[in-house]
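Notes follow the structure.
Going by the order they are written in, the chains are A, B and C; count residues from 1 in each one.
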Amino acid sequence: MDISLQQVGYLYGKDTPFEKRALQAVDVTIHSGSYTAIIGHTGSGKSTLLMHLNGLLKPSEGVVQIGDAKISAGTKTKGLKAIRRHVGIVFQFPEHQLFEETVEKDIMFGPMNFGVSEEESRRRAHELIGLLGLPADVALKSPFDLSGGQMRRVAIAGVLAFKPSVLVLDEPTAGLDPRGRKEIMELFHQLHIEENLTTILVTHSMEDAARYADNVVVMHDGSSVMSGTPEEVFGNEEKLSSYRLGLPRSVKFQRDIEKMIGRALPGLALTEEQLAKAIAHAATEVGDR
Amino acid sequence: MLEKMIFGRYIPGNSFVHRLDPRAKLSFVFLFIIAVFLANTAMTYAILVGFTLLVIFSSRIRLYFLINGLKPILFLIIFTLLMHLFFTKGGVLLFEWKFIKVYEEGLRQGIFISIRFLVLVLMTSVLTLTTSPISITDGMEDLLGPFKRFKLPVHELALMMSISLRFIPTLMDETDKIVKAQLARGSDISTGSIKQRIRAVIPLLVPLFVSAFKRAEDLAVAMEVRGYRGGEGRTRYRQLKWHWRDTMVMALFVVLVAILLLLRG
Amino acid sequence: MKEILSMDNVSYSYRVGDEESKRAVDGVSFTLHDGEWIAIVGHNGSGKSTLAKLMIGLLFPDEGDVNIFIEKLTEDNLWEKRSQMGIVFQNPDNQFVGSTVQDDVAFALENNGVPFEEMLHRVYDSLAQVNMSDFLDHEPHHLSGGQKQRVAIAGALALHPRLLIMDEATSMLDPQGRDEVIRVVENLRCKKGLTVISITHDLEEALLANRIIVMNKGQVLAVGTPKEIFLRGVELKTIGLNLPFALRVSGLLRKFGMELEGEHMTEEELVNELWTSHFSK
């Protein structure tokens, strides 16, 4: 499902003395099946943008197109639920949305709301418990008895359970320890490929954006200011830093090395593996001479 | 919708009214509420209205803004007016249509009571709009100080109030986030039967309570670790200063009461 | 060097008497000296947060002693000891007591009965040390996470503490907030010689410490300088911790057949090594 935002603007508290502009003239296109990273400084409008992707907010100006549906300021709230079925959002600290007596019931909440049968919802819940690496016996436990990391996984399962074709992730690994972070990111990557999802990752981590995304959108002061492949975006250090964003560590390291040896390494090292490979290759060239 | 409510909100500023000591403002508004009941003639009501306008003017709050914010309670004022129009009897019969009879006294009372109501709401709005909630709390704590003797936990009440005030925006944000998260999971609060709607509130309430308790627990720990042991032996960082202008305002109140007493019928 | 804090064979379990339940902290001993910065690392659930609670007397050990400023921590001297140390917790929102920045910094001072004039002075001074002087009257919901944590540090500093404990104080922050907080703490240590315990799973943060204590399943798995600790690479990985970037890249380079001399903790060191042993020829 393609998503596009055309000249989208958003104002909080419109027509009150507390009115505040959050988005201005945002143009973003997300193609079906792509993995898009939205990066930007805190307060750049990333979170507001994210809530436009499934009609949680309606644009004050411009149009948001999700598949065939168009949302603008005048759109009625009624039809939006149908859109939400196709676009799932994993919010930051999603464990804060858990409420049911058992893990199983909490995971079933989404699909049942969207009209999936109880039987099928339960089947999916159990399947997801396994997929997310939770022990099978948590199904009938209270979600509030689990550890923080487990609660996070349950909450993620609650979104995956209604099988959205677009998955929006808002800092899904915030507050997790390094192992948890890596496992969750790898899981989303695997789902992206296997289920042919359209994935949108809102993140502060340039490393995650560089490693996983094939399309990067940069937000700054409520506007979309840059977009392109990771190579294009992270290749432009100067422009990025004007938006108060740094380079992924591997790219930064590559630049340091290049400065030292006085020539460019081929390509852009988006991951540590690529970086090591490029350096090793350059070193053998030096050795051969 | 909530964004448009101004009742209980604070608008920072530097007007004469803003700079008054909260104790002066609180006492003034409290006494004013009583004094309003002294008015009983057109002249005395006119003085009350004039005085209120003077206060609004010196607070430099835009009148349009005040009136806009009053809309939610306008209904109440109109309701009282109508009640008096139709049900208070006395004086000349002004108007009659089928079973509806409006008497002179009804009209008079209706207008007076509405003015009284309006003046009270405007005055208290000016108080809250020009005084930060925390200053109001400080003022209250100080004014209620003497009641400590009667075992009234003044310090604890004030602290509770200031912490609640401090967490209101945090909890509002939190509520908004949880509502959005559940909406994204297909929850629906605005449609369906009453029973369905009530059930749709549970997914919002449970997480809110869970998080509020977590916050309360964290906060209690943070306060304990930072040495909080109740009001005993505590010093105060917020100091209130009484200026000549505060004395002047209290004097003004005496003058107002004197005029009202002279002119009331 | 003066001893600031020591743990002597400390154990604690949340469910006393329950044989099955594991000990959250199990026979932990270490000593912290004046001016030191130690990092306690471990994955979530390794017992590092319980350790923090034991240090500030929110919990008392089942076995062993916690000594603060060479005196055993007890219910009786608890308040006195607490007034000499500051602690910053994980969630920036849930420890902000005051309604504005300056009120919050003053909170601990009020509790300890510091006179008004002295308070004013200390509030301004502490806020200056964390670069938050321009935010005196700001309300918490108008501050970023990093700013709130800096205010929390200022609140601790106002008491002129001999020890600052950071209990996962950076784990909920964005990268910029994390940098702000770490820079402030580093600066305090350099300029004022503040003793710091940081409990963290951010290994880049741990790199700044003099010593690292690695926790696993309630026990101390390893103690040493950052270098000593990170050289045990694989072992750290198996308990769910990550290596610093430079070490990860070194590992990969070796895998691709490059020879590197020694171990390099920071990017700078690694770049230099690559230059001298491979590219300068």
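Quick note on the criterion: a contact is a pair of C-beta atoms (placed from the backbone, for glycine too) under 8 Å apart; a residue touches a chain by one contact, two chains touch by 3 or more.
Just so you know, these numbers come straight off a predicted model, no measurement behind them.
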Field: Shared interface partners, meaning chains that touch subunit A and subunit B
entry: C
- request: Going by C-alpha centroids, which chain is farthest from subunit A? Tell me that one.
  value: B
Field: Centroid distance [mean C-alpha coordinates] between subunit C and subunit B, Å
entry: 45
Query: For subunit A and subunit C, what's the span in angstrom between their mean Cα positions?
result: 30
Task: Could you please specify the touching residues of subunit C with respect to subunit A in the complex?
output: 43-45, 144, 171-172, 174-177, 201, 203, 240-242, 245, 248-249, 252-253, 255-258, 267-268, 270-271, 274-275, 278-279, 281
- line: Residue set of subunit B touching subunit C in the complex reads 132-134, 162-163, 165-166, 169-170, 173, 214-215, 218-219, 221-229, 233-239
- prompt: Inside the complex, what are the residues of subunit A that reach subunit C?
  reply: 41-43, 147-149, 174-180, 182, 204-205, 244, 246, 249-250, 252-253, 256-257, 260-261, 272-273, 275-277, 279-280, 282-283, 286-287
- prompt: Okay, in this complex, where on subunit A does subunit B touch?
  reply: 12-13, 16-18, 51, 54, 56, 77-78, 81, 84-85, 88-89, 91, 94, 96-99, 109-110, 113-114, 144, 158-159, 162
Query: Which residues of subunit C touch subunit B in their complex?
result: 56, 58, 79, 82-83, 87, 89, 91, 93-100, 102-103, 106-116, 119, 123, 139-141, 155
